[in-house]
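By letter and in written order, the chains are A, B, C and D; residue numbering begins at 1 in each of them.
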Amino acid sequence: MWRFLGQRFLQMVITLFLFQAATYFLIDAQPGDIADLLTLDPNIPPNERERLRAELGLDRPPVERFFKYIGNFYRGDLGVSFQEYPKPVIDIIEERLPRTLVLFLSANLVSFWVGFVSGKILAWRRGGWIEYTSTIAGVTLYTVFLPWFGLMMIWLFAVTLDLFPAGKFLSPINWLTAPVNANYIFIRMTISAFIALLIAFIGTLLSNRLEPRHRLGARLVSFIVPLAGLVYYWQTSEFGALAWDITSHLILPILTLTLYAYAGTMLITRTSMLETLREDFIFTARAKGLPEKVVRDKHAARTALLPVWTGLIFSLPAALGGGIITETIFSWPGIGLAYLQAAVVEDIPVVMGILTIIGILTLISHLIADIGYAFLDPRIRYH
Amino acid sequence: MTATTTPDATISIPEVPLWRARLLMALSSLRSSWAMFAENPIGLIGLGVIVFYGLFAAAHPILMNTVWDPVVYDPVNGFDIEIAFHPSAPSMRHPLGTDVLGRDVLSQLMFSTRYEFALGMLAALATSIVATTIGAISAYYGGVIDLLLMRLADLVYMMPLLPILIVLGALMDIGMIELAIVLGLLFGFGGTAIVVKSQALSVKVKPFIEAARIAGGSDFHIIFKHMVPNLLPISLLYMMFTVNTAIAYEAILSFFGLTTIEMSWGLMINVTQVFGYLLRFDTWWLLFPASIAITTLCAAFYLVGRALDEVVNPRLRRR
Amino acid sequence: MYSRSKWFVLAGLLVTVSMILAACAPEPVVETVIVPGEEVVVKETVIVPAEVEEEEVSAEGECCDVYRIGIFEDPVSLNYWNYLGPGSSVWTAYVVTGVQAALYGLSDQRWDFVPSLAKDFATIEQVGDVWTVTVEMVDNATWSDGEVIDAHDVVFTHNACSDLKLTSNWPNQCAPLGLTIGAEALDDFTVQYTFPAEPSLGTWQAGVAQAPILPQHFWADTVAASYAFIDGVTEPEADCSAEDLSEADQAACDTYAEAYENARKNLYEADPTGQPSAGGYITEKWELGAFAQRVANDNYYFAGSRVVEYDDGTWMLTLPDGTTWQAYGDATGNEILNFTSGPYAPNIIMSIYGSQDAAFLALADGEVDYVINPLGLARGLREQAERGEGILSYTNADYGLFYIAFNMREYPQSLPGFRQAFDIVIDKEFVINNVLAGVVFPMYSTMPPGNGFWHNPDVPKPYVGLSREERVNMAVEVLKAEGWSWSAEPYWDEDLVDVVPGEGLTMPNGELMHELTILGPGPAYDPIRATFNQWISEWARELGMPVKSELTGFNTILGPVFVDADFDMYILGWSLGNVAFPNYYDDFWHSRNDTAVSGNFNTPGLNSPEYDALVDEFMSTGDLARAQELVYEMQIMLADLRPYIPLFYKQVTDLARNNLLFPYTTVLGGLEQAAGFQTDAQPLFK
Amino acid sequence: MEKSENVLEVENLTMHYTTRKGPVYAVDNVHFSLARGGSLGLVGESGCGKTSVAISLLKLLPENAEILGGAIRLNGTDVVPITETEMRKFRWKNISMVFQAAMNSLNPVYTVEDQILEAMHQHIPHMSEADMKSRIEGLFELVGLDPSFKDQYPHQYSGGMRQRAVIAMALSCDPDLIIADEPTTALDVIVQDALLKQIKLVQEKVDMAMIYISHDIAVIAEVSERVGVMYAGKMAELASTEAIFHRPIHPYTMGLMSSFPSIAGEKKELVMLPGEPPDLLAPPPGCRFHPRCPYATEICQEEEPEFKDHDSGHFAACWHPGGES
């Protein structure tokens, strides 16, 4: 296991290097640079432009800059933003990343769960118009033009029904006297939710060891207890109102992303389930006189989960990229919005930094996919 | 019978030329594939939608040359001077209304359709060519070439597509051709190449490849004459998925104002946004037709792709 | 599944119902009032509120008496050094404005040069071969933390700026036009500047006099740390800008550059938390991506002071203690402005929205009182907001210039007839009124008409009102006179009611005319300029000129135009900045600023000694009246030389809720250009 | 429940598949019974309906299949009309099955023990976990597997081991009847032989009834007391193994016998059956075998022969039994 992890780590470092090289030179090959843009002010003399270019290191040859960049990268320095000079890129990422992660992890978890459950039910009851309409609806959601879909959600839920705020991630009025900043709350929220999830997960795992007749109760308890704990924790916390403020802003973007991502999971699950249902062991399970639900959930869905799991993990970084759209539509100041703004003004260090982060997240999620796969599929063991 | 007539005799046997035999075979396999495809109503719905958009696109030049006055209905430069205020709501004169700059929305929608098709097809073609070549070469040679190409494919597969396109769009002029090529390369080198290669591996061990090799066929000959044709079905399947992704990405890039395409569905929405009509649902004809067109056409290609998947991929075939 | 289909049915129903509701909603009465302003075409749209409901006005803000402003982007930094340095952005400006003090400023609305912390206009004396300017300051102004603002702060800021060679916008504050200007505190409240040349409008009034003053007691340590970087570093003898330097010289130059870079970086990076303010508000909090909070400054020097302006030009300031200062007239005629300085609201929240759409949606919802909108308000948003209840719109002329420029270094763009022919065939009024439905306004002079003091109303507009036939005929005449010829001349066909394009156009040098390109932003970036571009190339083609439009991204235009000076024609726009001192006449058209030569902003490559002479005089004169004459003359000269053909200017429309009372709403460039939009605006709370 | 003498009685069982081209009668009027502890082999060409009989007995029909008529009496209870939920109680408890592709009939993501336990939890809930585990160990030994292998995953087993595990699983709830559908097809000959011996041994030890389905008549001969020969969805002949081998009545059985080399090694002429099995969408009228039957006469084309007893328990459906005309 350790040897495997070591090898994988080395592989990841090499891949990351290649990825950085590819993106760096791809971007470097493009005409124009920030200095032209920044100095588009008649009050700034032309020698200032040259000076700025030198200050930002743009006058060096690309290869030299690249290796300097890589060197700095491994020292934890991603350079400074051109646009927000001299703010370090790493600071920008640090500020933005929690917000994006909260949004996307929750949306992906929810959509994964809902998509998986509905996909397996659809596959179980296949045939007829329900299957066709739901497939077409699923595909339409899957290929929907996301900006439009986001606007429709805003229009329906924020404007017409006025249930949720239309954008932003907090209402300033609630934060005037707040002694802490939003990221502090974000991180606390993430950690507390993570702990609650972990407890629920462990509880579920433990409940599997119980006698079957106690299982359902144990599972319910293992979900309700952490949830109640979470609510109690924030209820009594002095920051409860702030956390609620953020949560209320989270709902709409999460709903949008969930619906969007859900269709993908649903479709994969359905296909995977249909394949699994043809397997002989499903027939065996039925012949054993197991209830349909057990056959579906324990035998079919559990095995069908494998490709879905891979699909989920691989879609995470893509979702991070797709977040650019959602974040723009919902004024959500995360990585995606920062990326779009940086790209438009050619703030190359920020663009590179965020691409690198996406690359790292991709690699990590591939690793998690592999490890998770090993847990899910006993046929695979890493030595 | 003299020796000179012998070759004539062999030739005079009425034999079907090779290309015709191939064509016939292709047709018959097409027919059976079609039968299989037609079993699936989902695929047929998708195909129906695509055909509808095809007719929609084809109708534009006809309308422009017959019913529509080009001055009023030109999708890019048209302007309807008769109407006092633009955007105007749908009417008999403009079935989908006019946009902020006084241009007919229906005309723009129809005009753009052909570009969406062209873009999708071009990107798909590029993907297909790249992926098939890479997959075939990688599978055929194996070893270091395979290793290098597949590592490269992994790397490209890892590239976050939308962010890369956004930064390219911001830094350089991205028109339709550039977009198609970029997408084609990224898809072709990435995921599709990996899939095609695994298919190519199973083709490689087929006896006719060995036969061709023993017969002394060059590598080039074997790859392009024997392997590639057998990879076309799977390639075709992934072309469908490329088409819908290409259209979706074009729309998103245009929506952000990062392309230089003169008229497209995404751009229609972009203009709506630039003029501040995005969140105005009273002028729905500025937002809905283009959005729905993008969504439905993408969905249609995806549906066809899925249906084809069932034809090409025997595991999914119904019993 | 069943529940999902139910959901769709529900959603569909909701969609239908709300569409019907939206269609049937009554539209409020809109009344447009034209306020005759000084040269400024100002339309003020007042919405007669249909019985403003109580809760409508109070909205959410009542709890904390908060003045809520919507902005679109985060400030770059709250550090004022950085703001005038590389971190400048309009958004930063809104959040840090007022943090600095200044000796002089510009009057409200009219942009006259008036004292701020100076007691009066300064005395300028020539002493030997230098000139000194001595300024007496008020002695009772304080920073928000109670420390007195004195001459040492002024000198401290000035010296830091010049000693550390601060970059970007700083040089104009301490070394305008590259002059070395000394500053010295004669006593606690008297500053003396030393100029190597006679102070002009550009160096004194628009330069050092308005330079920011930052608190020495807060920044002293940071600045001292910056000084430490350059301590003992001497300027290398070699000319560092030379191409091939010896290794030793290169090293010296690098060390020198690095020392200053570090010094500046130290200053720009410094944490501004707790920095005292001299303005009405102190920036208290900045929640990244969400909002910035400013709180009222109890020690604001001008709090409660009264500003009065008369239509004879008089500007009058009365401080709370009764002291009055008056200039530019005898206080006769009507009062055109009369307000008392705030701050009124205890808090300002600048709420950051990711997009215009989101911000204006929030305004319509009553989430914010006012949206700062330097990008110009999109039409759809304006229409929508005007229909909303409780929202007022204020329309002002923009201080900007949109134009087509010719590369005068190339043939045939160098030919005056060629450019004149373009001027003739470009029917601005047609494009603007008919195609663009009047979203912008035709422009004839290089000075926007909104800037009343500098705009020359007598710039000739010979082609206004010509028909398309007349334009084509006139252009053909002009070209013929210059020696152009056609194989088939363009002419107006009465039957077709259209122009029959010319063919085979030969240039005066006997060659067939080659293809020319008009670079310009694509419809995605700016549909207005794209539309103009396409019409212009169409009209040029009617004359038989092979001209095509190249609609492209903004970044793609930058290179050929501003770096390589390699283009045929292009269409862009300028935001002109300094209202009081239009030094862009120097930047854009003086021959020494030729992009191809010095990398500066004379993109067309205009090289006219007569024009240069006028600009030089304008830049060096200290006499305002003479400066105005010169600018008038330059406008006429440029209209004739045509390096640019001005196309249009925009109007800025600002939207605010009707519970917000601005000191004045007529201001060039829009409300956010009004100095007092934060401090002097009164949110009326319930 | 009072135990009847026969563990299974099948009467006039008819089952069809609905396809787009029309109904396919995969099991048509099939009739047989099986005594407690007895064993029956079902043999026939592929597609003749053997497996359809098996899945009908378990009522594990695909969506497009339906039992049209007849009765299946398990221990005297007719399971045809009962609901799915009730039927579940019969499965594995009364009737269990070893499948054609036993290689794949174990779920790859659970241990073998888990999969056996699961069935036991379902059907013998009163048994304690520890008892269940020791029972599993006993079963493993019974089928010739090392009990220490029980908490391993299926992919860690060899093909033969997997098949044994499946048999152990089928035995886990002590059923009255086991259906073994081609249990040895995918295995190599030596393993096949060992497994067959084991199955026989197990059957004798635990005293249960067994239906053995195979296209390989040699295999059937080895393990079953009685043999049913199926042709085109119908039972052609049903008799003791000895009778089928030595005195076949139905011409199809006769042909089938001669198409396999005799185990005893007697020299017999190998006769291939001419023609193809009939298309079940449009079966030939009369006797379904007549197009391939060397003895076919007019009546064979017109009227269906009755499935009747020709010689004390030797059933056959033929107009010309034993080739007589």
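Just so we're on the same page, a residue touches a chain if its C-beta (ideal position, glycine included) is under 8 Å from a C-beta of that chain, and two chains touch if they have at least 3 such contacts.
Remember, it's a predicted structure, so these values are computed and weren't measured experimentally.
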Connectivity without chain A (remaining chains kept where they are): B, C | D
{"item": "Busiest interface, counted in C-beta pairs", "value": "A-C"}
{"item": "Chain closest to the middle [Cα centroid of all protein chains]", "value": "A"}
{"item": "Rounded Å distance between chain A and chain C, as computed from the means of their C-alpha atoms", "value": "40"}
{"item": "Whole-Å separation of chain centres (CA-atom averages), chain A against chain D", "value": "53"}
{"item": "Chain centre separation in whole Å, for chain D relative to chain C (CA means)", "value": "91"}
{"item": "Shared-contact residues (touching 2 or more other chains) in chain A", "value": "31-32, 159, 328, 346"}
{"item": "Multi-partner residues of chain B (each touching 2 or more other chains)", "value": "169-172, 278-279, 281"}
{"item": "Multi-chain contact residues (two or more partners), chain C", "value": "18, 358, 361, 555-556"}
{"item": "Which chain pairs touch, all of them", "value": "A-B, A-C, A-D, B-C"}
{"item": "Of chain B, residues touching chain A in the complex", "value": "41-42, 45, 154-155, 158-164, 166-172, 244, 248, 251-252, 255-256, 269, 278-279, 281, 287-288, 291, 294-296, 298-299, 302-303, 306, 315-316, 319"}
{"item": "In the complex, chain C residues that touch chain A", "value": "1, 4-5, 8, 11, 14-15, 18, 60-61, 63-64, 66, 68, 73-74, 76-77, 82, 86-87, 167-169, 171-172, 178, 241, 257, 261, 265, 268-269, 285, 287-291, 293, 347, 349, 351-355, 358, 361-362, 365, 367, 555-556, 558-559, 562-563, 577, 583-584, 587-588, 598-601"}
{"item": "Residue ranges of chain A touching chain C (in the complex, touch as defined)", "value": "31-32, 36-38, 40-52, 54-55, 83-87, 95-96, 99, 118, 121-122, 125, 130, 133-134, 137, 156, 159-161, 166-173, 175-176, 181-183, 327-328, 330-333, 337, 341, 346"}
{"item": "Residues of chain A defined as touching chain B within the complex", "value": "15, 18-19, 22-23, 26-27, 30-32, 132, 135-136, 139-140, 142-148, 151, 154-155, 159, 271, 274-275, 278, 317-318, 320-322, 324-325, 328, 339-340, 343-344, 346, 351, 354-355, 358-359, 362-363"}
{"item": "Touch list for chain D against partner chain A, complex", "value": "58, 60, 63, 84, 87-93, 96-97, 99-101, 104-109, 111, 118-119, 121-123, 129, 153, 155, 166, 169"}
